[in-house]
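Letters are used for the chains, namely A, B, C, D, E, F, G, H, I, J, K and L, taken in the order the chains are written, and counting of residues starts over at 1 for each.
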Amino acid sequence: MSKPIYIINGPNLNLLGTREPEIYGHQTLADIEKLCAIAAEDLGYNIRFFQSNIEGELVDFIQEAGSQGSVIIINPAAYTHTSVALYDAIKAVSIPCIEIHLSQPAARESFRRRSYVAEAANGTISGFGVKSYLLGLQAAIHLLEASA
Amino acid sequence: MSKPIYIINGPNLNLLGTREPEIYGHQTLADIEKLCAIAAEDLGYNIRFFQSNIEGELVDFIQEAGSQGSVIIINPAAYTHTSVALYDAIKAVSIPCIEIHLSQPAARESFRRRSYVAEAANGTISGFGVKSYLLGLQAAIHLLEASA
Amino acid sequence: MSKPIYIINGPNLNLLGTREPEIYGHQTLADIEKLCAIAAEDLGYNIRFFQSNIEGELVDFIQEAGSQGSVIIINPAAYTHTSVALYDAIKAVSIPCIEIHLSQPAARESFRRRSYVAEAANGTISGFGVKSYLLGLQAAIHLLEASA
Amino acid sequence: MSKPIYIINGPNLNLLGTREPEIYGHQTLADIEKLCAIAAEDLGYNIRFFQSNIEGELVDFIQEAGSQGSVIIINPAAYTHTSVALYDAIKAVSIPCIEIHLSQPAARESFRRRSYVAEAANGTISGFGVKSYLLGLQAAIHLLEASA
Amino acid sequence: MSKPIYIINGPNLNLLGTREPEIYGHQTLADIEKLCAIAAEDLGYNIRFFQSNIEGELVDFIQEAGSQGSVIIINPAAYTHTSVALYDAIKAVSIPCIEIHLSQPAARESFRRRSYVAEAANGTISGFGVKSYLLGLQAAIHLLEASA
Amino acid sequence: MSKPIYIINGPNLNLLGTREPEIYGHQTLADIEKLCAIAAEDLGYNIRFFQSNIEGELVDFIQEAGSQGSVIIINPAAYTHTSVALYDAIKAVSIPCIEIHLSQPAARESFRRRSYVAEAANGTISGFGVKSYLLGLQAAIHLLEASA
Amino acid sequence: MSKPIYIINGPNLNLLGTREPEIYGHQTLADIEKLCAIAAEDLGYNIRFFQSNIEGELVDFIQEAGSQGSVIIINPAAYTHTSVALYDAIKAVSIPCIEIHLSQPAARESFRRRSYVAEAANGTISGFGVKSYLLGLQAAIHLLEASA
Amino acid sequence: MSKPIYIINGPNLNLLGTREPEIYGHQTLADIEKLCAIAAEDLGYNIRFFQSNIEGELVDFIQEAGSQGSVIIINPAAYTHTSVALYDAIKAVSIPCIEIHLSQPAARESFRRRSYVAEAANGTISGFGVKSYLLGLQAAIHLLEASA
Amino acid sequence: MSKPIYIINGPNLNLLGTREPEIYGHQTLADIEKLCAIAAEDLGYNIRFFQSNIEGELVDFIQEAGSQGSVIIINPAAYTHTSVALYDAIKAVSIPCIEIHLSQPAARESFRRRSYVAEAANGTISGFGVKSYLLGLQAAIHLLEASA
Amino acid sequence: MSKPIYIINGPNLNLLGTREPEIYGHQTLADIEKLCAIAAEDLGYNIRFFQSNIEGELVDFIQEAGSQGSVIIINPAAYTHTSVALYDAIKAVSIPCIEIHLSQPAARESFRRRSYVAEAANGTISGFGVKSYLLGLQAAIHLLEASA
Amino acid sequence: MSKPIYIINGPNLNLLGTREPEIYGHQTLADIEKLCAIAAEDLGYNIRFFQSNIEGELVDFIQEAGSQGSVIIINPAAYTHTSVALYDAIKAVSIPCIEIHLSQPAARESFRRRSYVAEAANGTISGFGVKSYLLGLQAAIHLLEASA
Amino acid sequence: MSKPIYIINGPNLNLLGTREPEIYGHQTLADIEKLCAIAAEDLGYNIRFFQSNIEGELVDFIQEAGSQGSVIIINPAAYTHTSVALYDAIKAVSIPCIEIHLSQPAARESFRRRSYVAEAANGTISGFGVKSYLLGLQAAIHLLEASA
């Protein structure tokens, strides 16, 4: 069977459903994991789903994906804007990487304009709430099949 | 029948297939229009597809979409980074707007880091080549159906 | 009879009355044209009134005003902040030029702080809604009569 | 009888008529006060006219206007570009405020590009010499009558 | 016969001869076209000569040159400093491109220091008035013959 | 008896209770003075309480405190962000100085991010409304007793 | 009994008492915890006290406080200036948050001028050594009782 | 008899002799006034000597000097770096102006690098303690006699 | 026996040998550890060797080194450019610290130009691949023996 | 006979033909001197040709040209971007000056975007390899004959 | 006899009397040397007078002054704004250093606002033409006698 | 015999041993040369050792090294931060180059943060006093032998 798709979630995303729902919506991260698992299965893929508030653990997940996964979907949340470590990790692995965001960072505080992750990732999907994950899944599979 | 989805293309995209194919791929804009039309039809929607090299005509298309369309998918190309006029036009219409890019601007010249369009749009999809259009279509329909 | 006063309107102003009325008010651009025509006539002047979404056509209008008009009133809208071409056009014609705005740009997004048009124009009037046009007319006639 | 219109003048404006007349014209501040008083009277209003070189006294006048005046017309001169105190004072009073300038600051030294007063005021009129005051009066009365 | 040399002129250059002659000289754009045509003919080449105030039409001309011309000489005027669209167009065509200016932008307003066109063009010639066009022609022919 | 604690209030604070109560609360400056006097008395200290809209008078109060007071509590309001004169005055006196704010400047306009006063003061307390004064009093007495 | 007050300490604060005592004083973090516990108890409250060098664990503590605590007092130390993750965490929880510092960051290296935490917190207390914690406790209880 | 030389002193200079003597020396402002008066008298001139902590009063003194004095020597202290009002006042009077400083601002905090006063003054003398005043006197008389 | 030399490695260095070998070389981190251990032993020293992807754990190692080690050699990798926490940790311990890099950060992306670690460390060695570690060892021993 | 044309070459140009030939071409500086001498002779002019790696010697050559030459052609190489001394020297001599470059600096490292020499020179020619010298010669003779 | 006063002149000052006399006056550098020699002699001192266009030779002169001179007066001209080498040289010698300028750099191009020399020198005198040298001499002797 | 190692020293290093010994140590440059010669000899290499205060002579030495040397060790001192000419020279030669510093520039004035030399060199060693030279020698030989 093919290697799983890694879906990696950054800081504070474990609060989804409770935190600022007017920006982030009402679904929990567990809800999103289920939706992604089902959607992936429908397309013949399986996923591994992670969350951590710790930048270095996100680096760990990216590294693990590099050896055991086929493609990375990452919602780096706050670390999007400050983490050279994530940038380096994505550059260091040889599988594709897709950056996703629930909200549209460019339309928020000015410090959210720069994304180190976008500078390393193959592509970016932002602003569609939970749908960003599902579009990310499709994009991931597209990249996998395009390079297959 | 529902109002069409407007897909608006900015400067130099009429050269697609000939221009820097290592960045933008080998398909022409006409190819992309066909792919989008078919994909939309499959989902029960129809599209209108535009291209102009003139910033103000892109503003015209956005305005037309505002009255005759249901949602905007825009690849603003070079105007992404310089056009307050597009920003204002998108803010002025009451339908959703999705920004797409074939390439990943954040990974290119530093002047491509700021997107005025992203600051006005609902969401952004970049870096997946022609697939960015098809993902944009899905995102568009998602927004339409979510707000229906 | 004296040369007409040129009133030139930039991008998205054709949407007036529908677009973000909490910022721009409820009157249409045709309403404004009528108000200006009447006010000018009362003062013994006639106007020519233009709108375009295209930066280069605004340059055309300024140039036409330079040979056929007596004074320019321009609401450059989004191009206020990005257009060196308008700056150059205003510098290139030998008649006076007045910049007007319906809203107060300095109180909005930070990218609206710089006005290239203000750097070339004789004066600026902003923040009074449609009244900005009528004050602009008076200022225009003042400049004409002062230099007569 | 209605509350007076406050016309507040900032630093060095007491020198008008002697100081750099190629920029500021030949009329004195007393001349301007008379012109404003007459113009206001013609329109059924009366004015109070102040000048100070001291930033904090300009704050005082704005505060006094807030309780005893109907609208503020302020030519903040040099404090335009440096005074958060004027910004706060204008924000703190509930009556409208109009910023005026004899010259066109945007066309002068680069440090004149930012106006803290413009960020707090309802509108701005600049570049018309003494006429800026008279246009400011009309704008003031317009705001008063629009909100009446 | 060989493909023509495209000479493309940006905004406000149609005013040449009337506009700020102390900066731009007294010859009209038609005069320059004639001088260029004669000079090209002497060297065994023919030219096509364009002017537009519209950024997007300059993009059109560059694209047309890309398929029907041999080399581009462009005086982008005000768009020099603001147009990523011209940058992209020049990058997108496979023929050489030479940027020219009548005046010396670096010695003027600070906003004229950055040239997006220079970042994409093969070379730049500025500051020699009409002679900049004739030197540009020679440079163009040099590039053609060097690559022949 | 020990020297009094100087509590110095900057521009527009005399409007407290009327000005933007959603930011600054409903108590007047006289109310605050009373609360501070009582709180100080309870702790065996007395206060002197000042307000001025004039930057230079705030400098005067700081200097007076330097010779006649024991410690300074200053709410510099708008001058926080622009006054090198206050910075110098605080540096010039040998008694401790505490900066206080009713609101949280860092969470407001970006021009409120820099505090010259904070760079000279011993400590800062912000964001607690009138309570900021009372905490400032305690901090002041702490500093006095720590250095006694 | 009421929910505890969370006191969260950032990187290197575990070294207190040994590290640069001329800046940070001679008391250990355990000393501070005891002082805070006693002071809280005197006021009828209890505390939970944490320290971590890991940014993501500070996020964890803030989240835990959001569900199990009544108010947060945080000394974010070095992460003050770099952590969008802390900003997001504080914004995400619905309880008040107070930023404290032993020293006065504004008076130190220029990179300490920006505080992301201050932009999200209700208030800030800095510069009073261990007393900053005790003042923070009072401020915390004030906010609790004010909103009770 | 000739008009006096105006020597104008800015904020906190009234503290001289007590304030940071390692930077500013031990002589009081009264001592300096005496030294200047004697030195001027020796050279056949008389002086007027002022100090204020209020920016606007310094503007007043400059204006008075403009009509009643022959030359201005100004130590603008903290207002050096922030006052457009002093810049405007110096520009507005037609007599020469010399900026002096006791210390060397360029060698201190980075915010002391810009001097608005230097941009308007004829010359600057800094870094020589009280001697800066005496050198300023000689420079003043030099300018007077050069233009006589 | 003397305290060991701490060699601390930052994020993604655990991938050495697989990651971008054209930049970082083909040896693994375990290979480097062995080389360092042998080299140290030859010189009469022993080492402790760490790696973590987590910023806060690097802080922990630095602190541990401060009490149990003699000198720190740190390759902070991506945290070089973003970590005030590492800066503070290095400043907080009283033993020497040497920053090393395999590559030459100044010759790479512009965000690698600033090193917070360099601002706190005694010295820096970069650009020599694995040899940077061995030179770092010699520098470490030099510092130890110089201060012995 | 007329005064010679000075051709002045900056640092590292003595390496031409060996240094980075993919950027600078294969001809040596001696080759270029010969080409220029022949080309000048054909047009009835003679040249003097210099090279130095020392900024001050380039200043010397410019000064010598100012008294003994008719026009300056300068390839300032690295000093283009850093030398106010060259700027001053060019401003100080009353003969025309033309800046040339073999490569196109605007298309290289960002620190090559600013040219102090361009701000002082009459015109600039860049990007044509050795042909830049020959075009510079023509431009020089054009300027000479235009002012004759 | 006492060590001589070193007067060191930077690039292009050898052109004095011919170069831009409206800025720098009509006296030659030899004239200035004579005036300085006489003035010094009158005061019981002798001078050594240098000029070079080469930054490194100015460094040499400063170093020579450090061992053989008593005080340095330097007019660093263009190197004022770009030379860290002069900054280091002045810091490296233990005698006083006075920066002088004929013109007022702060009132000229914006790149003249920063002076590296001012950051290292004891004091600065600018804007008085040749008189700047004579005032510099007095300041020099003042510093010598003050430290004697 | 192999080509010598070039050790090139920049401005003010000839003062070593006398200049600011708390930063640079007590050994003279001649002492360092001897230490380097001995150390090189021990390793079977010989050195050539240079110093100049003149930027262009450092360029000369680098060029000479390019043809007659095997590797460059350069302590560019003040020119580190300002010299594009050194950057270009290092890029132009095909032998390796190592940047060394006695002190740690990143820990000093902010203008020492950027190193143009580091952007061109293979590696950098800073902060170890004279030991930086000896480590540089080892690094140099390592590079030579690695590429042999």
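Some points to look at:
The rule is short, and it goes like this: contacts are C-beta pairs under 8 Å (C-beta built on N, C-alpha and C of every residue); 3 or more make two chains touch, one makes a residue touch a chain.
Note that the coordinates shown come from a computational prediction; the quantities given were computed from them, not determined experimentally.
Among the remaining chains, those touching chain D as well as chain G are F. Although chain B and chain E carry the same sequence, what matters here is overlap: shared residue numbers make up under half of all numbers found at their interface. Inter-chain centre distance (chain B to chain J, centres taken as mean C-alpha positions): 47 Å. For the pair chain I and chain L, the distance between mean C-alpha positions equals 23 Å.
Each of residues 54-57, 82 in chain A touches at least two other chains.
Every pair of chains in contact is given here: A-B, A-G, A-I, B-C, B-E, C-D, C-E, D-F, D-H, E-J, F-G, F-H, G-I, H-K, I-L, J-K, J-L, K-L. Partner chain K is touched in their complex by these residues of chain H: 98, 104, 106-107, 113-115, 118-128, 131-132, 135, 138-139, 142-143.
If you check the complex, the residues on chain H that touch chain D are 54-57, 59-60, 63, 66, 82-85, 87-89, 91-93, 116.
On the chain A side of its complex with chain G, the touching residues are 10-12, 14-15, 18-20, 52-57, 77-79, 81-82, 111-112.
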